[in-house]
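Only one structure is covered here, and it is reproduced in the block below.
Chain IDs A, B, C and D follow the sequence of writing; residue 1 opens each chain.
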């Protein structure tokens, strides 16, 4: 069982993520977030559980839906919100927007606008770790939709044959835009697929932060023990539309309500902690209050920040390193 | 058990293929085949067994190593040899060369210079069959090396979810250029991989023409019965280097000799037929003689044919159909 | 004439042809319920059923391969990639397969690959410029319509043709309205049109840039300058007959688009005009294009990356000073 | 100076740098025993072991992604695709990932993608021309060396840099011999060189076309014509300083390569020269390139597709008649 400090951290982080996205969703609807954003509300436990089991030196690559990963990795919500606003103070200097949050100082190698690309890059990070003989792992996130991209299987194969320190986490919210995974996934079983490629894999409850944490910690240990790359299929759910403002008929209101009312990762974790008397109602209120304050500040920061100086538009396309006379 | 007529056909075809490639190999070494060619000697049973079980209306797409498929499909060895010579009378008018043998009249939609591409296109042929409500199947050949291309898995998945009439045949000669399949294939089990994607699959002895034929006939029936796409992993061996003239240290002489002496598809089929008294030595001599004659004529034809008229070089890049005022 | 949006024009042409030809079908992600990311096939799944408006997994390479194979077999597939940026996952299928099959095999390949492109929001990976890449490939033809009218007419021609077509629709035009023609109007590839007549300066362009160029032309009237805007409609083939004729008549030419200038299709066009009309030109052929940058998420960066009306005006004034 | 082949020059530069920097490694199909399809790393697996000369499955997309990820982590990967034609399977990784990562994230990306290209045998799918495609992508730099000397020097610069490089080596030059420099010679990108001096006509070109142009230059001497041949060495960046200077001095310019003319990088260069030097040119800038065709398997068709020495001579004579 998770010890009390960590248990509360899990909760704080999940609530912080929820708050960030709830506020960001509203701001996006009000036109503050150019290009929109992909809300992960409902999926917080996956991000928090995974990140808690990782070390600073581990390297991460993510997807288009990755606010939760960024926050759980400890990124500044100010620089994140500023990035959503595409401000110069954003973590990608306003160039990336919501899909390209990044923090190199945290070995968080960014989100990705291309489905499947993050996992492939994470495989490359794992190869880098291997080549540079570091003692860490790489983690690649993907959605259920990415399970049918060819690059995912090329990358899994490569990780297996080279025994790379790679953990793949499927943030399996069961839908790709409006497409239910079973409709487009031959065999329907992600774990069986991975195993047939020689990769250890397991399916877990992505709504249970503790289960996610433990599965990740186990997978990390196995990887470092040389047991090869690992895959975790974390089943979860997204509450909102694919991008902000989208509503669709591809899933029923009952289904959404069921997940929200009965399987919410935050509510369930709170009940769990309350039942075990590991937290008080006051502490919960304080956590919520702090989250509101922090995100309030993030919005203030983002609002107050300047847009990128358009004179910098052509900076850093390349570094000029190849032009030097050595 | 195969009936006698067919049994002899199998033999004639295998011998014809062997003769074609033996002669073509020599001609290539003498500079007659621009760009070289990929000899399939040793793999004849796969092509002959598969094609015998197909109907004229079935559609086929193949690989860079596909002389055997072409001959077994009944293509004219003259137009094939002429194509190897890149003559205007070649099946691709000298434009394709050895990797791009084609015969649209036989629903043989050509070889392919890109690893993995043939199977994907075959999946498309299967979709075409489905859309146009034809009563036939599509067959895609691939090598063991293509098993790790992403497009193969994208295509398998698509065939499964749409229940397409697709048969994939792996011409599994165990090496991709100089790379042994196990070295680069996570899980090492092609059949397990396909099954995990929801595709029925089996491994067979690719040196036994009868086994190949029967497996293909079964697979075809299953497909037409709506049981979904099928995969056959036919284990075989190539006697020569990857391209003409190549020798390498990536496999031992013993291994090569073992396959040649003990597992040759032609020798074994002959022994089998002799043992069952389904053929006489004379008949075999006659078959060999006929093959020699036919390939001799093919070479004559190729030699005598003109090279493409260079004035036609820019013809048929497109048909001009889009320029018409309708 | 009916007035519809750019997206609806696609749907209109598609519906008419699908009604006539049962071998036409469309495949892409999220087409059935959502109607595609740009509503380009909204409602058609109800009309034609899930077999002909097919939802796919996220498998661009297999999608295009499915198009290649089914087209060879005699069907008329439209592969709808939603964003052309995803075509990078299917380049072999497009360039090494689709584009070369007729040359190698003599087979018809009536395949359409449709997607939106052009510079808008969504950041670096959703704002690639593809015109020069595809136009440069022997075997491919490339439609880049600006008006709903041309969307429909070029689509109908594509659906009656037997060659692969890359059909690029501009994101920013998705909801733009305009007239469309009826059932029987087909627009051939390789025929440009004059979007605005003029006599002092010719701007050769296509897609959304027709709009920017036309605005600039309008504004320049106050300076007494008469600018002609030519809408190429297809960047392969290019209507060099019309381009060279008008370039010769007018003598001052600007070739413009919003792709990064270095390596854009404007170089092809400008160098051809310069070479063929060397002695009759009154000024060097100028080019307008984007900076050599990925497109940032921030809208100000986007604007700073691509040419705007003032850039066009500046180029017009410049070409007049020679 | 040592005389080696074009392929050996690669190996020489690679070996020197691999000895100095343990983070450099190479991955591709059939590198270890075979030494790559062009013997480009022959023997290096024995020297550096299978970790640093890595054999891969046929998975171009994962190969390049492995390069992107490991480069971000601080390694210096070289992805050896053998034939550049296989890069079509990794276009997203190259264009949407590698090329844009610095712009988005500010991260170094010392990634080299090497392969042979250029027109030779092997038919339609192994003879694509990539220069204009890659050069047009913001974030990529593109080496197209002609001499062994430049192969080595540009490789060494690439291996000390921190940006993605597309390194295109011409098939037909694989065994061509030439001098190479020692350990300390680095050739910067964006610096052209004069392959043959002349004063009547300037040919701007690169790669194998330097050879064809030089032959034409030699032959034209008998007609009393002095032709200068400029070898660009990199097509991004292009040494416009030198190009424009020599174009101005000489006044008659041909831009040449063997890619299909329509949409090739020659359009970029010719249109830039025409625009910048409009008044000082003595003749229109001519372009030489291939026909708009896939490259057939038949050698006669290959020759008929691409420009030959006579085509160069004809262009030289033509540019002199203005």
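The rule we apply is simple: a contact is a pair of C-beta atoms (placed from the backbone, for glycine too) under 8 Å apart; a residue touches a chain by one contact, two chains touch by 3 or more.
Just so it is clear, the model here is predicted, and its values are computed rather than measured.
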The chain whose C-alpha centroid lies farthest from that of chain A is chain B
Centroid from C-alpha atoms only, then distance chain A to chain B, rounded to Å. What do you get?
46
Using mean CA coordinates as chain centres, what's the gap between chain B and chain D in Å?
36
Indicate the whole-number Å distance between the mean C-alpha point of chain B and the mean C-alpha point of chain C.
40
Quick one: which residues in chain D touch 2 or more of the other chains?
56-57, 59, 61-62, 85-86, 89, 92, 96, 103-104, 123-125, 138-139, 291-294, 296
Can you list the residues of chain A that touch 2 or more other chains?
92, 95-96, 100, 112-114, 148-151, 154, 157-158, 161, 183-185, 317
Hey, how would you classify the chain contact layout here, line, ring, star, complete or other?
complete
Give the list of chain A residues in touch with chain C in this complex.
34-35, 83, 86-87, 92, 94-100, 112-116, 145-146, 148-151, 176-179, 183-185, 248-250, 307-308, 310, 313-314, 317
As the complex stands, chain B meets chain C at residues 59, 61, 92-93, 95-96, 100, 102, 104, 109-110, 112-114, 117, 120-129, 131-132, 138, 150-151, 154-155, 157-158, 161-162, 316-319, 321-326
Of all residues in chain D, which touch chain B in the complex?
29-30, 33-34, 55-62, 85-86, 89, 121-126, 291-294, 296-301, 303-305
Can you check the complex and tell me which residues of chain D touch chain C?
61, 85-86, 88-89, 91-92, 95-96, 99-100, 103-104, 123-125, 128, 132-133, 135-139, 236, 255, 259-260, 262-272, 274-276, 278, 283-287, 291-294, 296, 322
Chain D residues within the chain A interface of the complex
23, 25, 51-52, 54, 56-57, 59, 61-63, 65-75, 77, 92-93, 96-97, 101-108, 138-139, 141, 156-158, 160-165, 186, 188-190, 237
